[in-house]
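When the chains are written out, they are named A, B and C in that same order, and each has its own residue count from 1.
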C-alpha cells in the first residue's frame, strides 16, 4: 500500500477548510456557506421525494455512544418522513468494531449502514475496498435532500470523510477533540492563574495536589493512554511519524512528551493510574477529587451534569497548555457510512442524510457531543439548553481552527497495533520503567509491523 | 407417516418379529446403540469439529482479515508464535492465572466443605447463602467487582483503610492484576468446589472414624490418612473442571482489564483475540487457538490420570 | 445420627477452640457472598453521586426504585429477558434430547470413548468458534435468529448433561434393567419406562445446569446475537456505554440478570453434589 508521506504542515493543511483554504473558524462563524470539497446537489425541479423508498428497512450497526443513541431514539421520525424502518445494532466500541470486521469479511449483504470510527478504520477499509463512495449520490438531485446543506458541515469533517482520490465515503456526525479541564474554583481559591504552558500546568497540579482527598491531575493510564499522549506529543513539537513517514515515537520530543505525562501521573496522579481509562478518570473528576483532567471534550462534558457530578459549573477549559512545539487541538471524527455490500444503497443514503441533518446534529450538540455541523454550534437552542459553559464551546471551536487542529490518531493501517504497543510502553513507564528505553522498544517492535502493512 | 413411525416403535417393543429382517423396526432395534449415541456425537463433530478444522487450516495460512486470500505458509505461524517473547509471556500468564484460579477455589472449597460437613444451627440456609455466587452471571459479577476495585474510590481500599492496612492497586497494577482477576473467578468457583467435595465427604462411611479413633489417630492424621484419600477423587474432579475453565477464561479478564495494565494480564486467550480482531492477523491467531486447545486437552489428560492415583 | 460425637473431623476443633472459633470460620466463609450481594443491592438504590463517593456510602439515603425504572425506560429489558429465556429453553431442550439418550447408550453399551469425544466440546477455547461460526450462521441466513444462539449455547450445555447423566445411569440397579429385558422391553422400553423415571433428579439437575450455562453465556452471544436476539449478559455489558457509567441502573440490571440463575442454583445445590460427582467419580 502506498503510504502518504506527510509533513506536519501537510497534515495541518489537510485539517483545514478544504481547497479554498478558509479556516474552520471562519466556517464556524460565517453564516454564508464556505466552499467545501463536497459537491452541492442542484435543487430538484419539484419537491424532494422523501417517500421514494417507502416500505424499505435498513440494518444499522454502530457504537452505543450518545451520538448514535440519540438518533436511534428518534428513529420514528425517520419512519414518518421516509417510510423506511430502521433496525439498530448498537454495541460498545470493541464489540462494535469487531463485528463490523466480521460483516465486511463476510461481504455481508444484510448490513446497510455502519458507524465508522474514521481514524481507526479509514486506511484499512480503504485498502480493502470496504468503503462505498457516495459522491454520485451527493450530486444526484433526486436523492439529495436540498435542505441537508453540505456547506454547513465543518470543513474538518469533510476532510476526514474524503479519501486521497476524492472519494467521499461517509457523512460526518461527531468531531470530538482532546481538551484540558481544570477546577476553576480551586485555582481561584489558591490565587493561581489559569495554566498557559505545560510547566504552569505542572505547577498548578502540584499546588492542588492534596492526597488522598484531592489529586492534582487525573489522566488515562490504561489501554487508551496513547491517544492522550499524542496531545502532549504535538505540543512538544513532535509527531508519530517523521517527514518520510517513518515511525518517530522514540524521538526527543516523543520522550519529552511521555516524561511529562508520566511525571504528572507519578507525582500528582491518583494511585493506580495504570488502571484508569476515561471511566475511572471521569468518576474521580466528577467526585471533585482531581484538580484537572485531559480527555475527550464529550467525555469531560459529563462532569457538567449535576446528576453525575458534584463539580458542575466549577470547571474551566482550554486546549492542552502550550509546549515548546506550540498548542494544538487533536481532533477525531466519526461518521455514517454505507456498506459496499448493501443492496439498498440509495435508501441507506437517505438515512445518512437524516442522521446528520440539522435537527439531529443539534440534539447531539445539546447532549454535549461535538457535532460536525456549524449550525448546531451556533444554534440559540444549544446555548440555551446545554449544560456546557461557553468556555467549553470556545475551546472546542478553537481546536478546529486552521493551524490548531491536528489529527488525534496517526493515519496508518496498523493503527490498533501502534496504539497497543505505545500504550504498553507508557503504562510500564508510569509504573516506573525507563521512558526512553520503553519507547525505543515500542519503536523496534512496530517497525516490522509498519513494513508488513506497506508491502 | 407419523402413525407408521409410532407403530414401528411400539412393534419393536412388543414383538420384534412383526417386522421383516430388513424392516426399519429391526434396524432400529439392532442399532439401538447408534440411535442413542449418534445424534449427540454427530452434533459435537459438526458444531465443534468444524471450527477446530477451520482453525487448524487457518493456522497454516498467512491470512489477514481482508480480501487477500489465505496463503499456505506451513508451520510459520507456529514458529513465529513459539519464538515470540510476547507469546511466552502469554503462556506464562495463562498458567499463572490458571494455577491461582484453580488452587484458590479448591483449597478454600475443601476447607468450606469440611466446615459445612459439620452439623450446626441453620446449616442448610447458611450453605445456600454461601453457594449464591456460584452461578451468578459472570459478566455482571465482573462489572460490579470493577467498581469495588477502583484504586481511589473503591470500597475494598476503604475497607482496608478501616483496619489500617495499606491500599492495594488491585487490577490497576502489573504486580497485582493477575491475582486480583483470579480472585474474582475464585469468588464464583469456591462454592462450586465446596459443594462437590461436600458430596464426597457425605459419602464417607462414618464407622471408619470410630475405628481410627480407637487406634489413637489425631484429627490431622485422620484428615491426612483417611479423609483425604477418600475424597481425593472428588478433589481431582474439582481440579479438572477448574483448570479447564481457567485455561479457557476470557470473559472476566476482558471485562476487568482487557489484558492490561500494559500487557500484564495478557493471557493467550486475550492475545489471540487482539491478534485476530484488532491486528487482523487471523492465521497467526488461529495457531494460538490450536496451541491453547492442546494445552487444555493436555491438562485434562494429566488430571484424568491423576484421578486413578490417589497417592501424592 | 449415631456419630454426633465421633466421625466428623471437626469434632476435635469443637473441643479445642470451642464453638466461637467454628462460627468465625463459618462467618468468614459467608462474608464474600453477603458483602457482594449487599453491595450490589446498595448500588442499585443509590444515586450516581453516592455510588462513586469516597468514603463509600454503605446505606442508601433512600430506597427509591429509580434505577430499576430507568433500566426499563431506557432498554427493552423484557425483550432481552425473553431472548435469554428462549435461548435457554431451546439450548436445554436440545441438549437433553440428544444428551440423555447418549449418556444412557454410553453406559449401557460401555462406549466411554464416545463420552470423551463429547466432553471435548468443553475443552475447546470458545474463541475458536467466533469467526467460523459467524461466517456459517450468516451464510446460512441464521444470523439474528434464535437458532444460532440456541446451537451455540447447546454446545456448552451438552457435555454437562452427558457428564451428569452418565453418573445417574451408572447408579441404576443393573438388576432392574435385566428384569426389564426379561419382560420383553427392548433398550427403548427400558430407557423410557425404567431408566428415565428413576433418574428424574439427574434430569432436573442437568436441565438446570444447562439452562444456567446458556443464561450466563457472554462470548457466543456477543457474536451470534443480533439486535432482536440480544441476550441479557450482552445487554448488561452494553450498558457500559461510551458515556459515564450510571452504576445504579447497571447494578439494578445485574441484579435482575443474576437473580434467576441464583434462585435456580439455590433450588438444585443439593443435587449438584450428587449430579456432578456421580458422573465424575465412576465415569
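To be clear about the criterion, a residue touches a chain if its C-beta (ideal position, glycine included) is under 8 Å from a C-beta of that chain, and two chains touch if they have at least 3 such contacts.
Since we're looking at a predicted model, the values are computed, not measured.
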item	value
Chain located farthest away, centre of chain B as origin (C-alpha)	A
Of A-B and B-C, whichever chain pair has more C-beta contact pairs	B-C
Cα-centroid distance, chain A relative to chain B, in whole angstrom	40
Gap in Å, rounded to a whole number, between the CA centres of chain C and chain B	13
For chain C, residues contacting two or more additional chains	52-54, 131, 237, 240
Residue list for chain B, restricted to those that touch at least two other chains	152-153
Residues within chain A bordering two or more other chains	105, 283, 287, 289
Chain B to chain C touching residues, read off their complex	9, 12-14, 16, 28-29, 32-33, 35-37, 39-41, 43-45, 47-48, 50-52, 54-55, 111-112, 114-120, 126-141, 143-144, 147-148, 152-155, 158, 187, 190-192, 195-196, 198-200, 202, 206-210, 213, 218-219, 222-223, 227, 233-234, 237, 240, 244, 248, 250-251, 255, 269, 272-273, 276, 282, 286, 289, 292-293, 296-297, 300
Sites on chain A touched by chain C in the complex	63-66, 69, 87-93, 95, 99, 102, 105-106, 108, 110, 279, 282-283, 286-287, 289, 299, 302, 307-310
Interface residues, chain C side, partner chain B - complex	2-4, 6-13, 22-23, 25-26, 29-30, 32-34, 36-37, 39-40, 43, 51-56, 97-99, 101-102, 104-106, 108-109, 111, 114, 117-118, 120-133, 136, 151, 154-155, 158, 162, 184-189, 191, 212, 215-216, 218-219, 232-233, 236-237, 240, 247, 250-251, 253-254, 257-258, 261-262, 264-266, 269, 272-274, 276-277, 280-281
Residue ranges of chain C in contact with chain A within the complex	47-49, 52-54, 131, 134-135, 138-139, 143-144, 222-223, 226-228, 234, 237-238, 240-246
Contacting residues of chain A [partner chain B, same complex]	94, 97-98, 101, 105, 124, 127-129, 212, 215, 221-223, 270-276, 280, 283-284, 287, 289, 414, 416-417, 420, 423-425, 427-428, 431
